[in-house]
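Comments concern the structure below.
For clarity, chains are labelled A, B, C and D in written order, and residue numbers in each chain start from 1.
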Amino acid sequence: MATGRIVIDAERCKGCELCRPACPQSVIQLAESLNTKGYRPAMLVDPLHSCTGCALCAVVCPDGCITVYRDLPQKQTSLPKYEMKETLAHVEAVA
Amino acid sequence: METSIIISGFGGQGVLFGGQLLAYAGMDNGRFVTWIPSYGPEMRGGTANCTVIISHDPVGAPIVAQPDIALVFNQPSYAKYAPLVKPGGLLIVNSSIVQVADPRADIEMVTIPANELAAEFGTVKMLNMAMIGAMLARHLVLPVTAVEQALHDHLPESKKKLLQGNLDVLQAGFRAAVREAAPV
Amino acid sequence: MDTVVFKQNHVQPLEKITYERPSSLCDVHTHYCPGCTHGTAHRLVAEVLDELDIREDTILVSSVGCSVFSYNYFDVDACEAAHGRAPAMATGVKRVNPGKIVFTYQGDGDLASIGTAEIIHAAARGEKITVIFVNNAIYGMTGGQMAPTSLLGQKTTSSPFGRDAQLAGMPIHMAELLAQLPGTVYSVRRSLHDARHVLQAKKAIRTAFEAQIDNLGFSVVELLSSCPTNWGMTPNEALTWVEEALVPFYPLGDYKVDERLQGRKGAPK
Amino acid sequence: MSKQLLKGNVAFAEAAIRAGCEAYFGYPITPQTELLEHMSRRMIELNRVFLQAESEVAAINMVYGAAASGVRVMTSSSSPGISLMQEGFSYIAGSQVPAVIIDVMRGGPGLGNIQPSQSDYNQVTKTAGHGDFHPIVLAPANVQEAIDLTVLAFDLADKYLTLVFVVADGAIGQMMEPAELPPMRELPFERPSWALTGAFNRERNLVNSLYMGVEGLEELNFKLQAKLAQIQREEVRYETQFVEDAEVVLVAFGTAARVAQTAVQRLRRQGLKVGLFRPITLWPFPEDALAEVSERSKALLVVEMNAGQMLHDVRLVAGIHTPVKFLGRMGGRIPLPEEVEHETVALLEQLAVAV
């Protein structure tokens, strides 16, 4: 099964929740906190890394808030999660 | 010096083109001219008329209450315009169609059988030329040669084969009006 | 447009972006209510402009209604027409820009009520424009009045007892109607009520633009859409109402697909 | 180029073509239909855009679209059609794109008739649809002027990014007079920088009249008012005849001015001190020039082919010191020179008694 993740632009999100039922893995919830507009934005809550990167949430999102990433198959055994996160943070910081 | 001419008949008698021909002839001879038609539902098959003004000065009002000259091609036109001609003016009547009643004494009236003249020298559709020819015989607004030249220059390309007929009918109308004026 | 992220010191990418905001949308927040599928329709059009690489050749004619500000949301040359007149204005734009891609984005009040003459004649002339018709069966911007496409019995602020055919006539089926006109080369109806239908809608929008790129004639995509605010529903309830009430009355389908468009994405199999 | 005998409607159309009109959208209505017919042939021959729209409403919005695309564009219509187009005028005004409208006026109100009239004075000079705006309004009185003012209309529209009307009554549309057409202008290769042409290698352009914020819309209005003020300073046009010593000055435009001119000439031959003031721009109205004339004269006589529309502008200028009389014919009737003479003489007699 492919794996992936989504990044939600929390400021753009209006908390309409259309993405929630669209998600086959049920890994999207509304945040408890509010964004600056006063909406509770959607967020990925995926402790088991069950997001498949299927993009159905993005397909139904009226506000174009969702960017979908899909993990690429790696030759070597999968990297520890913490390492990938660190790397991504680094890459984004550089970018 | 300004001369106003009303030409009136029914659609298809060449009333509007007749007026345009006079306007062309005037323009080509250095005069100021206007041509204005009556337009409206009546132009679609009913009566048609136009006013032509030929002047040595720029033309102001394009319409007149009393024309110097009226060319009436049919009975309704006679009824409408014969009373309007300016005293001392000229009325050309198409006697092929019009029954003249109560002729006015204060204007000059010329009657010519325009339909018959046109049929004899060209085609019956050219009766407008007979009427104009008659007018030119009795009024100095333009020389007849000016109108002949205008026919040469402005008859639409598609009608060029009818040029000679038009010229002939123009002359016939002119001669008929001269004859009518001669003392009996 | 796959963007890949490389792990430092590794040749192999770790992940790739499989879905992102289309670049033909401006980087602004829309004024639409939460859950309004206007946003979805906008995104689909922008994705198609990206995929066909025609953003720099495209001119939008906005209309009046909730989508009145669509000119703020698409990163293309744009103008704003009077209510209902977008197809006429688009005609003017297209006739003097015959090599450009011109589209209108119209709601049901605009296209199916005040602008019926303009849309019918643009279609009849085979005007080479693309029309995105968003049908949510209500006037959104003015606060939920009855639209020409409101369903029988539908309660709105101007049909408080429900739409009555005796009083207000029957709802109007525009995709079918426009398909009747010889100048129309593409007239279809799609819905935006779930992911599968959204993807179908996108294919249809793509085909509609391709029809214009190929200079074939008038193309229109009717999109059944939701209005949670004026329907008085949550966004997800509203999508259910689209599926259960609008779709049965306004059947999805291809009402006209010119044979030259057969076999394209979005064309019937 | 020598003079040709041209019909007013044809002259409008051919002048527009020679001024570089690249697109025409219209709907048939008497008494301007020859204009549309001429366009339908010539524009196609020249590989330019001609389209007979489904209505005047559609036609003006097509004009709006083409204007927003930066080409010289025009439409033509007559009074009831102009009423229908008011919506589009307002959007064009608010968007500040150039467009030319030829209005060959007919009798009203309602369907009225198709005879010559000046019934649209108010609806073309006072505003373009709703909002605070004035199009430039040019009023030819003969066929040569119809040509010259149509060419000027395109130039002014481009210069000020505004709507320009050329208004004639049906008589000028239908009349034939000798006139000279200008040479054919080259069409420009490039569109203006603001035009809708696709955002290729540049920021996107937006043509719009919608400003939701109060500040934005007021700012637009200030800009429009500044532009209108400039037009009022720089684009006033009028003609005078015999006004220097005139006791009574006739004020008229279009065909009514021609009739008034005939009356003035006849009365002058009788030794009466009368003159003619003819506004050529109905907006901007030649206020200062008329004010000067009005101060010198004892009375003004406004002659119009309506119930008195320009009359109000004249009264504002004349103030309370110079009496303003009115002679109007309605329903498509052209006043006759005799009526105007009669009215003028009556006015002169009144003035003599008053003195």
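The rule is short, and it goes like this: a contact is a pair of C-beta atoms (placed from the backbone, for glycine too) under 8 Å apart; a residue touches a chain by one contact, two chains touch by 3 or more.
None of the values given here were measured: they were computed from a predicted structure.
Asker: Check B-D against C-D and say which one is joined by more contacting C-beta pairs.
Answerer: Between C-D and B-D, contacts are more numerous in C-D.
Asker: So, what's the distance in Å between the C-alpha centres of chain C and chain B?
Answerer: Those two chain centres are 65 Å apart.
Asker: What is the distance, in whole Å, between the centres of chain B and chain D, each centre taken as the mean of its C-alpha atoms?
Answerer: Distance between chain centres: 35 Å.
Asker: Roughly how far is chain C from chain D, centre to centre by C-alpha average, rounded to an integer in Å?
Answerer: Centre separation, chain C to chain D: 41 Å.
Asker: Centroid of chain A to centroid of chain C, CA atoms only: how many Å?
Answerer: Computed value for the inter-centroid distance: 28 Å.
Asker: Specify, in ascending order, the residues of chain A that touch 2 or more different other chains.
Answerer: Correct list: empty.
Asker: Touching at least two other chains at once: which residues of chain D meet that condition?
Answerer: Answer for chain D, listing residues that touch two or more other chains: there are none.
Asker: Does the chain-touch network form a line, ring, star, complete graph or other?
Answerer: line
Asker: Looking at the whole structure, which two-chain pairs count as touching?
Answerer: Applying the touch rule to all chain pairs gives A-C, B-D, C-D.
Asker: How about chain C: which of its residues touch chain D in the complex?
Answerer: Chain C residues touching chain D: 55-59, 61, 68-69, 71, 75-82, 85, 88-97, 100-101, 117-118, 120-121.
Asker: Quick one: in the complex, what on chain C touches chain A?
Answerer: Spelled out, the residues of chain C in touch with chain A are 4-8, 12-22, 25, 29-30, 32-40, 42-43, 46, 194-195, 198-199, 228, 234-236, 239.
Asker: Which part of chain A faces chain C closely enough to touch in the complex?
Answerer: Within the complex, chain A touches chain C at residues 4-5, 9, 11-12, 14-18, 20-22, 37, 39, 53, 55-56, 58-72, 74-75, 79, 84, 87-88, 90-91.
Asker: Give every residue of chain B touching chain D within the complex, in rising order.
Answerer: Residues in contact with chain D: 20, 23-24, 27, 32-37, 39-40, 59-65, 154.
Asker: Enumerate the contact residues on chain D facing chain B in the complex.
Answerer: Going by the criterion above, the answer is residues 3, 5, 30-31, 113-115, 170-171, 174-178, 255, 258-263, 265, 334, 336-338.
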